[in-house]
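Heads up, the next two complexes both have chain A, just with different partners, chain B and then chain C.
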Partner chain A sequence: MADLAAILLNSLSYVLVLILVALGLVIVFGMMGVINMAHGELFMLGAYTVVAVERTGAPFWAGVLAAPVVVGLVGLVIEWALVRHIYRRTLDTILATWGLSIALKQAVVLVFGPASYSVTAPLQASLTIGDFVYPAYRLLLMAVAVALIALTFLVFLRTDFGLQARAVIARPDTAAGLGIDTRRMYRLSFTIGTAVAGLAGALVAPLISVDPQMGLGYLIPAFLSILVGGAGPLAGVLVGGGVVGGTDSLLTIWLSPVVAQIAVFALAILVIRLRPEGVLGSRR
Partner chain B sequence: MLEIAEVHAGYGASAVLHGVDLAVEGGQVMALMGRNGMGKTTLMRVVVGQLPARRGTVRFKGRDITRTPTHRIARAGLAYVPQGREVFDDFTVEENLRLSLLGHGRGRGPVPARIYEWFPILDERRRQKAGTLSGGQQQMLAIGRALAADPDLLLLDEPTEGIQPSIVHEIGETLARIAGETGLTILVVEQNVDLVLTVAARVAFMDNGRIVESCLPADIAADEAVLARHLSI
Partner chain C sequence: MSGPRTQAAAAVPLPAGLAVLAGLALVPLAGDYWTDQFARYLLFGLFAMSLSLVWGRAGILCFGQAMFFGLGGYIMAVITMGMAGEWLASSYLGLAVAVAGAALFAGLLGYFLFWGRGLSGPYLAIVTLAIAFILEQSINSWYALGAANGLSGVPPLDLGAFGLSYELWEPAPRFYVLLGIVAVVYVALDRLVASPFGVVLTAVKTNPERAAHFGYQVLWIRLAAFVVGAALAGLAGALFVATDEFASPTLIGFGLSTEVLIWVALGGKEVVLAAFLAAIGVRLVEGVFGELLGDYWILALGLVFMASVVLFPRGLIATALARLPGRRR
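Moving on, here comes the complex of A and B:
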């Protein structure tokens, strides 16, 4: 019973981080038609920011605070140098950002070397209820992830910025005709998406090995989550992340990582075959 | 107010506009008529900066806006109601109206009361999703949205397309009232003669990417040959 609770909580924490990563992807795709293959590397840069900050002797939390700033700035530069030239040319964005992801990985290898780092969790305490013991940091991570997801939804669904952003997603030309600076909305949204990915990478750093390949492990399930959930509504990401992340993490524990991967891909193919617009997507 | 000189434009290899010259004076309501495919919508898109002009210039309030981005043109006081209305279906009526204020950096202010005076139905449906409105109501919303930020010039592309005749007349009367009350300059692309006669002070005809004739609405009413020449197929 206690084992099951721990497994379910581990699965939930994976799902929440996956949703954070996927949110940035879906905003950027929905708004500007950009499929950002380098999104996983931005997540990776968040984790490496923690590594770099810890090396200076500063505490873990300083790294967590620095990560969204550093990665957001990197995102701003990427938007200016690369992405703004290829808005709405989806196929080109895949190639260009794929190249970028390779470059970012190699840059990290040059600076930090190819080996993996481990970051020590700042909270070593555990929560104990009877014979159930669970690391406190994981619980904190989940709480922060839930808060961040809620904040992202709040910003996009309840603020004036969000209203304009959704208007640009729905009808970019009309939004511009109302005086909305679509370029500025693209830049802001891209930066927010990358900053959230960086923060997610920083938060998850103590739980995984920080290495140059870590981004891919989240990018692919994040894409699958969007496909399964439906790219239109933000809420689709919640469902997709839950289904994909839940299946993946639970089957990894109960059966094997290989079976879990096969199951996730089979599931994604099934959903796309039966509901091309995703579980929550509207049929057109 | 608006001076279009020698404008050429098109899509890819095909040229649609072959040197359009058109001037709209401040406070004037001008109608632009012509058969489908003659370049009326293309001209609108060039004026608002959605499609680049290959040659020629567009001047608004004396300023060259030929290469100005769409949102800057909007903020300079040129409002555009595109063909097919383009309201945001999933947003409420009020959110649609507020977007125009937000785009003009006036997001803190309320929707001006006169918008609801001109279009009372928008007041009644404030909290309703725009997608649930009828075509005519959506058109009123699109016009109200364009007017919310106090433009100097309003471009309307086929405001009566797909709208039932009784509402067409109502929209015409309201536009005439707004122009009368505010001195707003309007350039309206329209096929509906009733609406043109209700609002316009001048009518220009477009054929094959050029302005070929312009006249007073009274001339149309008096001589049916004018319309036959430019509108019949």
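Moving on, here comes the complex of A and C:
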């Protein structure tokens, strides 16, 4: 029983992180038709920000606070230097951001070396209920992730900015005609998306090994989540992330992680093939 | 993106292409080291041509083209090393099964991907990326195939006949045989692109709905291009493994899949010769400057690729070819 609870909680924390990564991706894709293959590397930069901040002797939380700022600024530069030139050239965005992802990965190798780092969790305490013991940091991570996801949804569903953003997603030309500065919306949304990815990377850093290849391990599942859930509605990410992340971590009960991942990818591909509009999407 | 310009850029006259290949015949003068290196570059070039057909001519953005390269390579290794039975260990059989195996796999996979309201564009890219990832992971943990260590000691090509054996391991003869194969494939691809089928391919790529409306079976046309591309990639992989005498999981996965994508995009995906030259060019620059630049090489490659996609969406070499003096633009 206690084992099962731990597995379910681990699975939930993975799902929540996956949703955080996928949210930034889906906003950028839905709004500007940009498929950001470098999104995993922005996630990675968030984790490395924590490593860099900890090196200076500052506490872990300073790194967590710095990560969205640093990565958001990187996102702003990327938007200005690269992404704005290729809006709506979706296939070109895949290639160009792929080049960017290679460059970012290699830049990290040059600065930090190819080896992996481990970040110690700031909370060493555990929650104990009867014979059930669970690390407190993971619980905290989940709470923060839930809050962040809720905040993102609030911003996009309940604020003026969110209304304008959704207008730009639905009808970019009409939105521009009504006086919405689409350029500014694109820039803001891209920056928010990258900042969230950076924050997610920083929060996860104590739970995984921080290395230059870590981005890819989250990028593919995040993309599959989006496609499984449906790229249209924002809520699709919740469903997709739940399905992809949840199946993956539940399968690891019976299967080795490699086999579980293969099985999840295969299942996701099957779902995408049979329902290209996603689980939540409406049939065209 | 489409229209007459596509055709204009695509038309590198066959004699000019053959002249370039003939120029490569001088490589063995540079010594055994470079001959051996160029033998590998040629095969990467062949591999790039296969993606140029699939992506540039048929409009199928396949992020996992190395699946077929690696599959061909492993089939070649398994057969020529006698792992499928000593009596089957023949280079000819290895090549034939490698090409057929890659084609068969592509046929099944392609049918799954394209049938009905098939996947295309970014969806196809992400799904093929995930499939390449799956294959690499599988091979990595498949102990009968050497898992992550790969299969070493793959015998070189044996062009013997009638009981005589002629192992192709000396650099210069091997290079010329490979160059010959590349030349044959190049001519065949050039004719294919110029043939009525090539025109239909362009039609299906440019506007699948209209092509279907004119009565073309879009599914089967896409599938044909995908299968031919996979067969060529399988051939390149099989020859590569026999040249390198080593098959490893890096040949099948994600890394090589994206590398070939970079070569083809850098060169110009619609122009077979440009894709071929870009593969050789990138590899050559890496071979010459790789050691000098060290880790900065990959950084530079990523940035150059990024800039090239933004500024020259049709590819560096193809754009340059289209602007050669005396050519209509």
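The rule is simple: the second predicted complex is superposed on the first by the 283 of 284 C-alpha atoms of A that agree within 3 Å, B and C clash if a C-alpha of one lies under 4 Å from a C-alpha of the other, contacts with A are read in each partner's own complex, and residues count from 1 in each chain.
Here is the rule we use: a contact is a pair of C-beta atoms (placed from the backbone, for glycine too) under 8 Å apart; a residue touches a chain by one contact, two chains touch by 3 or more.
Small disclaimer: the values here were computed from a predicted structure and weren't measured.
Chemist: For A:58, decide between first (touching chain B), second (touching chain C), both and neither.
Modeler: After superposition on chain A, A:58 lies in contact with neither partner.
Chemist: Given the superposition on chain A, which partner contacts more residues in chain A: chain B or chain C?
Modeler: C
Chemist: May I ask you to decide whether A:160 touches chain B, chain C, both, or neither, giving the answer as first, second, both or neither?
Modeler: After superposition on chain A, A:160 lies in contact with chain B alone.
Chemist: Kindly classify A:7 by the partners it touches after superposition: chain B alone (first), chain C alone (second), both, or neither?
Modeler: neither
Chemist: Have a look at where A:188 lands relative to chain B and chain C in the superposition and call it first, second, both or neither.
Modeler: Neither partner.
Chemist: Just to be sure I read the superposition right, which of the two partners does A:175 touch: chain B = first, chain C = second, or both, or neither?
Modeler: Touch partner of A:175: chain B, not chain C.
Chemist: Return first, second, both or neither, reflecting whether A:224 touches chain B, chain C, both chains, or no partner chain.
Modeler: A:224: touches chain C, not chain B.
Chemist: Looking at the overlay, does A:235 come into contact with chain B only (first), chain C only (second), both, or neither?
Modeler: Neither partner.
Chemist: Give every residue of chain A touching chain C within the complex, in rising order.
Modeler: Touching chain C from chain A are residues 35, 82, 85-86, 89-92, 94-107, 109-110, 216, 220, 223-224, 227, 258, 261-262, 265-266, 268-269, 272-273, 276.
Chemist: Note which residues of chain A are touching chain B in the complex, please.
Modeler: On the chain A side, the touching residues are 160, 163-164, 166-167, 170-171, 173-183.
Chemist: Contact residues on chain C for chain A in the complex?
Modeler: Of all residues in chain C, those touching chain A are 61, 112-113, 117, 119, 121-123, 125-127, 129-131, 133-134, 137-138, 140-141, 254, 258, 261-262, 265, 295-296, 298-299, 301-307, 309-310, 313.
Chemist: Within the complex, which stretch of chain B touches chain A?
Modeler: Residues 48, 50, 69-71, 74-75, 79-80, 82, 86, 88-91, 95, 98-100, 102-105, 107, 145, 149 of chain B touch chain A in their complex.
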